[in-house]
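Here come two complexes built around chain A, the first alongside chain B, the second alongside chain C.
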Partner chain A sequence: MISPHIDTVRETIAGMLVARGQEAHFGEDESLFDSGRLDSIAAVDVLMTLESQFGIDLSDPDFDISRIDTLQEIDRLLMAHAS
Partner chain B sequence: MISNYNIAYGFHESASRYPTHEALVAGAERFTYRDLETAVQRLSAALAPNLTSGRVGILATRSSQACIGILATAWAGGTYVPISLKLPAGRMLELFDILDLDALIVDPAGQKLLTPDLEARAPAAIFAPGDAPGEFKRLRETGTASNPAVASAPAQIDSDHTAYIEFTSGTTGRPKGVMVSTSAVSAYLDAMHGWYDFGATDRAAETCDITFDLSVHNMLTTWKAGAALFIMRPLDMLAPARFINNHNITTWLSVPSVVAMARKAGGLSRGSMPSLRISLFCGEPLPVDAANAWQQAAPNSIVDNIYGPTEVTIACLRQTWTSNGRETESRGIVAIGHPYPSVKARIVDADLQPVQDGVSGEIALAGAQLADGYFRQPELTAERFPSIDGERWYLTGDRGFMDADGVFHHLGRLDNQIKLHGHRIELEEIDAGLREAANTDLAVAVAWPLNNGIAEGLVGFCSGSNRDALEISNRLRAILPPHMVPARIDQIDDMPLNANGKIDRNALTRRLEAEQLNLEVAS
Partner chain C sequence: MTSVDIPSAPTGISLNPLNWRRAWLGMDRSEAVQLWAQTAQGQIILHLAFAAILFTNPLIRTNQAALLGIALVLCALFPARRMMLLSVLGTAYFLLKPFKQEPFYHHFSEIWAGIGANLPGTVGFVGFGLVFLVFAFVMVINQTSRKVEMIARYPIRFLLALSALLAVATVLLPQSHAAFSASWIFLSYLTGSFFFLGYVLLDSRSKSALPRHQQLGFVRPVWGYGHVPLKGPAFLRKFEAKTATDLAVTRLKAIKLAVWAVILFWVWEIAFNRVLFGALHLPQLDTAIAAGAAGAAEAPAMRWLILAADFLAQIIIFGATIHIFVAVIRMLGFNIPRGMARPLSSRTMSEFWARYLFYFKEILADFFFYPTFQRYFKNHPKLRLAFATFMAAFVGNVLFDLIAGSPSFAITGFWPTIEAFYSYVIYAGALTAGLIWSQIAQKKPTAQDGWLRYEVIPRVQVLVFYALLQVFDDTTGSVPVGERIDFFFSLFGAAP
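After this line comes the complex of A and B, so read on.
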């Protein structure tokens, strides 16, 4: 985990898990959405956070939505955006 | 329509005609028709000796194993029963007990759910993913390994054979299993292949979980045509344009809420899906602005709305939108159109008598696509599938009317069934769960917020509970699948009751409306 923002993302996701009655802890390479731990509404919320707080352009053709399934993937995305 | 139609026939014929064509793509796994048929035949041969009731549970979804499991069950002459991976363990145990399954097929996600408890009450024959794609191994293998005979063609079946049992929310607090015959599926496929030229060069997307019967359309129309089916992961659903472009998808069927979700996530720009040529929506009211947004994003595609409950096999009325589209103006949604060739539709009053054109009543349906009823629930079956003038009808519980041109329009529900993000939910099922979780009789769920009358969430209300909202919510999660658990649970002292002494759901909705209004005023 190298992005300076990743802790914010981790907290956001932990909050979503708690709001759905699950444990706040999750592994960095653990599947969040494909596994069904979080639903599509949560996925939209994560995307909105990435867009509004970190300036990720969701309409960019290079942005691959399927690459936000784990915290590791989101970290890579934030790093690529920063560079 | 063929009355002895094995639902694997279309696939079998395509496998003979196009053995090297791609049939199924699930992530990195790719199967030609020949590969897929080999995998289906092998699993079918291993399944067949176990079949007594004929019912095979499929604890899997959005995977090659789910598809192979469904085809292999049909090939062996069985009835497949999708079991949602999202069911709480207790519910899954109940289902195993009720269903008397001969075998269970699991994918990696399903296998992870098999706790010792569940495995102990599951059927003896469990087939789990093997070492190579398309392979299965039997768990708890007993005795010597045998090489069962491989059947080169799908099994002959009786004309009244049940193709699948789909479970859907029930008002009694327990889901009900809709039994759909192979002849009903055959009638559906005949109608769709008559209207749409699905062909061997098509590339279709699987947008659904196998617990939704839209998946039956996606699988069977694709394989009957010799086309390729691409399985979408849940995240792919948020950016359909991306998936469609990556795989050059040509045909599409999903619930309309996918359009709203994609627009929200910013991924449905004008002209962004040029490869699509057929786009169908089903399962919820299709808002006119969603149909138009999709049409603009997919300029080379026709966009049509199809309507129907699981009880009348996937869909049974159709309204074309691209050509001569009709709107239900009072709701801002696309009309539901005309019945399929083998289906009859009419609007009836409370005495089941037909009403005049333009008058609203209950939508009733009859014909070859009618399901056989609810699994082991003869009374409910008789209630919902009454005989009218000597003919068997299904009462949808949907309110609607037929206009002067014979076009049907959908106006909502007569009861407390809602559609939430494509899921069909009876609010009474949530009520029953809430009463148990909150340990009080005064507990009820309402659909909220509402956007143009379409549910976007759930709020639970309870009164007189000795448990706090968090505990109620946690207990509810052990009773209901996640999409049925209200995001918010309010404890109130004054539960509104109507004249009959029942909880007044409408009063609670009005309370939420007033609260929203206050918030808007305050901000």
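After this line comes the complex of A and C, so read on.
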């Protein structure tokens, strides 16, 4: 099952990659932050997008940043939030 | 970005060394080389070559190289049991070598002798180490069972509070008291493994968490000689080679990185140690600072030269060190990112920080930045980012070294240990200010700004900033902070 919003996130991340001089293409299970492809500023932008556009509450101490390391993981997070 | 973009390898034989270099850098992308690396002969040659690099690398002690050698052989023979083997070897390493600083071993010996045991100190290490591993195991279990909810929700805060409590006990209790010995020993075990255990605890929430008993082997992984963990076991599993081709590529990358580490080491040794600081008698930074305080009067230009040489030497030797350990982990079958990737090419301060100290930056981000960012000032984006950066680059940065050094309170005294950090507090404060400015206000240069404003000026600004920080990057207290401040101003012609 795919979140209807995942394309928005994909475009946001692709834009970040291009802004950092990299190819816009990335795999759905490709590590974005742990691998160093994107820096912590980009992670902050993704977190703020998840908060502001999708209403995800990140203040839960159990929220782990590694849960947004790949597009697949972000998708799972969005689906879990939607349900 | 921590990977190096490498043009594809050329075909055919060439006498041009640049083509050899290109072929070497691109070998992990060559299908023929990948296939060869999967053969028995290829695997043996790669491992022998890697072992030769490991055992002849002065940055790795012989004992450490032997342990790593055992790990490499076992993981090569039983790749499917890689994590279990590393866990067993990591546990053995932790039990035999629990502390991070040599003075702690001396102090432990004194305590051990006082206990009245005629047994060798190793027996003590193993015994106390097992007790600590039981504590770590209970912590790991609590992360999933959540019997003590507060600790499960805030495990790092709990470890921090426990460390602080033990440190206070070692300061207040007389050293002849049995409770002092118990507190100091537990403090030394805890602070020596603090962020390693922290990652294990954070990872135990992960879907790719190892079985609980195996996680204990990463309280001190076999490559964990330094203070900085290269993240935790769940991170490793993410980069673990899944196929024979993946493994071949990962090993080829390991060889490349290990060779690069050797090159960097010898550049540092010959160009800096033997020529610049040796034959040409250029003083090293701390020597120059102390000499300046004693009345030596070099021209500011000479002081800038000393600073630049020290800064470059530091980058090169740190690169050589982190690369060899990342190479080991790659050779074991985990294609993790490099710990340093072209820091001199950085155009912003935050970019340099990530390129220069990737894994240290990750620790500060994982334990301090993200938890703060997620919870505080959510309605004030700039303040939110600035506060999270402050918590990571200043609070986390200082705490990282203070935690590791806290057993020293009982050895060198509380205030002398704290005074040794004065200079580092200035370093962390200036770094924090630079990073906050870089993240909030610094315009990221683009190619449209022109060659000078894109290629040159931003890089010079970044390098000058970090070179100047180098004056204060010290937690040993070997040179008083006042002398460092005087040296700093003397760079701009202001005589002390």
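To be clear about the criterion, the second predicted complex is superposed on the first by the 80 of 83 C-alpha atoms of A that agree within 3 Å, B and C clash if a C-alpha of one lies under 4 Å from a C-alpha of the other, contacts with A are read in each partner's own complex, and residues count from 1 in each chain.
In this text, contacts are C-beta pairs under 8 Å (C-beta built on N, C-alpha and C of every residue); 3 or more make two chains touch, one makes a residue touch a chain.
All values derive from a computational prediction rather than experimental measurement.
With both structures placed on the common chain, the touch criterion links A:36 to chain B and to chain C. Legend: residue contacts after superposition of the two complexes on their common chain; A:20 is shown touching both chain B and chain C. Applying the stated contact rule after C-alpha superposition, one finds that A:68 touches chain B and leaves chain C untouched.
Once the two complexes are overlaid on the shared chain, A:53 sits clear of chain B and of chain C alike. Within chain A, the residues touched by chain B in the first complex and by chain C in the second are 19-20, 34-36, 39-41, 43-44, 47, 51, 58-59, 64-66, 69.
The touching residues of chain C, when paired with chain A in their complex, are 1-3, 153-154, 202, 205-206, 231, 234-235, 238-239, 337-338, 341, 350-351, 354, 358, 361, 365-366, 369-371, 373-375, 378, 381, 385, 388, 439, 444. Partner chain A is touched in their complex by these residues of chain B: 85-86, 109, 233-239, 242, 261, 264-267, 269, 421, 470, 473-474, 477, 482-483, 485, 487. Put simply, chain A touches chain C in their complex at residues 19-20, 22, 31, 34-37, 39-41, 43-44, 47-48, 51, 58-66, 69. The part of chain A that touches chain B in the complex is made up of residues 19-21, 33-36, 39-41, 43-44, 47, 51, 58-59, 64-66, 68-69.
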